[in-house]
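Shared between the two complexes below is chain A, which pairs with chain B and chain C, respectively.
Moving on to the complex of A and B:
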């Protein structure tokens, strides 16, 4: 493990050196909203709650062109789909991922790269990136990472963890890639950061609200939770829009679409949402989730019951609170979790 | 003016009365939210549920949105002027039977625009409190008060129906309406070239996630299958292609022509802050100009785009 300090006066040099040979994604203001986006090293913020959208789109964009064909018989391979975007993938560095969101990437990783399937589109981007986290000192009223197994100073999913200290940064490598990456950077000086980090971590965790008890959800049979009466109340007011799923760092469902023109065609994948009736509509006309109740229940069951069952108890929600903040009708996953646990 | 506490008491009483007298089997209202600056819609079915009903300056959901799916039930709705206007629109368009909806009108002095609030107070808010005119915010070691007047939603600033007089009953003190929208800014837009207009509209919707929260929050978007969800044939691409996104917003604007009451629920639901109502405002002005028609004010009114007159002055329609 390597440890470094970046003094406030050296921050710009440090950020500039992140861009050497890599594309830098970091929290920057885009049209009045903080987003994880391609960043000018001069304008990077280190004081923020979290980015508006999650960083999942760096590896899983809302619309991704997977392959394309042309229909020009004069050229080679007409009408043959050829993969797009798998060669010459940008080497990137993501700076400022919050630990909750980094755990979100780990959940997504289990979907896109597991022992049965590997998604080359996710994998090439994921493996070409260095992920630098920025620990959280002040939780916002909607977030709850410690309730779902995380920490405001969590390291899971990261190559390097950074902490704001005295206006600058304290850095510590988490993976071998992170350790190697830190070696080549400017603006850093070696320093022992462990003691500082432990102290700040304790203070930050103490600020987090009490954990949500999930022991009953874990112990109960699926059908017992499935048939609880509270789902109706939640479904009553759910609008079945897709806001919660789109802003969620761990929602990973997609829809594949072919779009053709006179000259050829593109196969693309787009984020999809289980809140939509169309998502579960079968070609036969049968819909196994025919009403709002089934659809809204699915999302919470997936996050809080099905994923933990498949992933050794690890929750599918990482507690960033985006869905809580942005749901137009104030459906709060913490409240639903409590009802499921009752 | 009646205090917020008194108004809440009146709302709870009216809801209980509606259930008891058989006017409704469910009352749509608001309950306290789980986070600062939020309330949640509540479907009150028992007297106990009615005790949870509140009123708030953050009641951004238009509760009429839920009426079409409940059309076979007797429903009472705690309605701001704009919610009541939408219920009228749904009755006029034969989406809900008049006898199944009982409107409990609440005079409204406007709702808070959360984006405007954020521009005045950017720090993370840990707790909020409110009375009729003031929003009180508290964070980590700070407190501040903001006058509601300064952070009203744009549609509330030009509301012509702050007191829903067409309601079945009105509780609370009557509030005078605002000066109607003069659409002055739309004249500037109309003067632009087609290219400039296209650039303006594309810029407006460029952050759209196609989550359709605007559509689902809209009391007039009650189509069983929205044109964007049609699959045989599929009318619209599903990607973030800017033209597909633009076509969704544009067509939704046209679909709401002569029907939109400017309640602002679409904008309040949008997670990325798109001024969705701008599309509707353009059509709103057109319909007022051409047919002198304002939707949602009269249970008996006939929507201009669904009526036909043999003596219509336009040649093409005769």
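Moving on to the complex of A and C:
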């Protein structure tokens, strides 16, 4: 493990050196909102609660071209697909991922690289990137990472963990890739950060709300939770707008569509939402989740029961609180989790 | 790195109208590139994404058996954009297929058992694959008695007639083909699949049932098997759900924690009894 200090006066040099040989994604203002986006080293924020959207789009863009085809039957390869976006992939470094979001990426990674298939579009971007986390001193009122197994100073999914200290940064490597990466940076000086980190971690964790008890959810059979009466009440309020799924760091669903022009076209994938009736509807018109109630239940069951069953008990919700903040009718996953556990 | 989204290019070698209402056609594809057929190594019960550039993809069960070399067969019902487009294709046209996807029927685990295979309507496709595979001289001795029950509304809606008429002539499979109501010229059984199943079902000892059909058929056949004494572990079914990726990633085909595409489409009734009926 390597440990470094970046003094406030050296921050710009440090950020500038992150861009050498890599594309830097970091918290910057885009259209009035803080986003994890391609960043000018001059404008990077280190004092924020969290980015508006999660960093998943760095590896799983909202819209992505998968392959191209042409429709010239005279050519020797009519209608044969050519993959797009897999060669010369930008090597990225992400600075400022919150530990909750980094755990979200770990959940996503086990979906995109599951027990049978590997998604090459995800893998080429995810595995070549360096992920630098920024620990949380001041959790926002909606976040609850410690309730779902995380920590404001969590290291899971990160190569390097940073924390703001005296206006600058204290850094420690988490992985061998992170250690190697830190060696080549400017603006850093070696320093012992462990004691500082431990102290700040305790203070930050003390500010977090109590854990949400999920022992019953874990112990119960799927159908016992599925048939609980509270789903109807939550569904009555839900508008099925899907904002919770778009802001969620662990929502990974997508649709595949072909976009065509006169000469051919591209096969695209776009984020999709299980809140939509079309999402699950069969060609025959039969819909396995025909009403809001089934769709609302699906989302919470997926996060709190199905993902833990498939990912060694790890919760599919990482406690970032974005869905709580964004929901137009104030549906709160913490409240639903409590009802499921009753 | 293997790209599981990339279809293999195939040529439509033969197109056959299967049913009187012309809503079902069987597509016989040949791989364009040498080596792709070997990469597409499959077993009965698996499916593939049929991929038409500019139209999209549809998940369809593989109707041919891996023992039928040189081509793959799919029978497609005309329902949406891709299937309608495919129904207007001509022999020689080129498109893509992506797979094989999903798990096959557990034919290895069923060795030594008697089998009753029950099909309704056009869900017979992967069961055609299964029976062709089972009847191969190298496979047939590994299994006990094989019973096949197949029903459709009327004779015009039965698929693969040449095939099952051939099977009827054999003495190593009992074939019962039935239609819902009397029809002129029909020489076979008349009655719904559950009733015929009840009549011809072998004893449950050392026997497994494989069922594929519309929900209404499954709903009424399941109790027949349970009354006959079949354990839920020995009732095997294949599910369908809307799909996009076929790889357990895009999300929409889940039934509880299982993805029909990646973890299915083959499940035992014992597994399904613990899951929501979201299929």
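By definition in this document, the second predicted complex is superposed on the first by the 334 of 342 C-alpha atoms of A that agree within 3 Å, B and C clash if a C-alpha of one lies under 4 Å from a C-alpha of the other, contacts with A are read in each partner's own complex, and residues count from 1 in each chain.
Everything that follows uses one rule, which is that a contact is a pair of C-beta atoms (placed from the backbone, for glycine too) under 8 Å apart; a residue touches a chain by one contact, two chains touch by 3 or more.
What you see is a predicted model; the values in this text were computed from it and never measured.
In the superposed model on chain A, is it clash or fit for chain B and chain C?
Because the two structures are overlaid on the shared chain, the partners are seen to fit without clashing.
Identify the partner contact of A:284: answer first if only chain B is touched, second if only chain C is, both if each is, neither if none is.
second
Taking CA centres, what is the chain B/chain A/chain C angle in steps of 10 degrees?
Result: 90 degrees, to the nearest ten.
Using the touch definition from the top, say if A:230 reaches chain B (first), chain C (second), both or neither.
In the superposed model, A:230 contacts neither chain B nor chain C.
Just checking: does A:257 make contact with chain B only, chain C only, both, or neither of them? Give me first, second, both or neither.
both
A:324 in the overlay: touching chain B, chain C, both, or neither? Say first, second, both or neither.
After superposition on chain A, A:324 lies in contact with chain B alone.
Now for A:71: first (chain B), second (chain C), both, or neither, which partner does it touch?
Once the two structures are laid over each other on A, A:71 reaches chain C alone.
If we overlay the two complexes on their shared chain A, which of chain B and chain C does A:120 touch? Say first, second, both or neither.
second
Residues of chain A touched by chain B versus by chain C: which partner has the larger set?
The larger set of chain A residues in touch belongs to C.
After the superposition, what is the least C-alpha distance between chain B and chain C in whole angstrom?
7
In the superposed view, which residues of chain A touch chain B and also chain C?
255, 257, 281
Under the definition above, what is the set of chain A residues touching chain B in their complex?
Of all residues in chain A, those touching chain B are 31-33, 49, 52, 62-63, 138, 140-142, 233, 236-237, 239-243, 245-247, 255, 257, 259, 268, 270-271, 273, 276-278, 281, 324-326, 328-332, 334-335.
List the residues on chain A that touch chain C in their complex, please.
Residue positions touching the partner: 66-67, 69, 71, 77-81, 83, 86, 111-112, 114-121, 123-124, 221-223, 226, 252-258, 260, 264-265, 267, 269, 272, 274, 279-284, 286, 288-289, 294, 298, 301-302, 305-307, 309-310.
Give every residue of chain B touching chain A within the complex, in rising order.
33-36, 38-43, 60-61, 65-66, 124-127, 140, 207, 209, 211-213, 215-217, 229, 231, 237-241, 268-269, 271-273
Sort out for me which residues of chain C touch chain A in the complex.
So the residues of chain C touching chain A come out as 1-7, 9, 32, 51, 53-58, 79-80, 83, 94-96, 215, 240-242, 244-245, 247-257, 262, 274-279.
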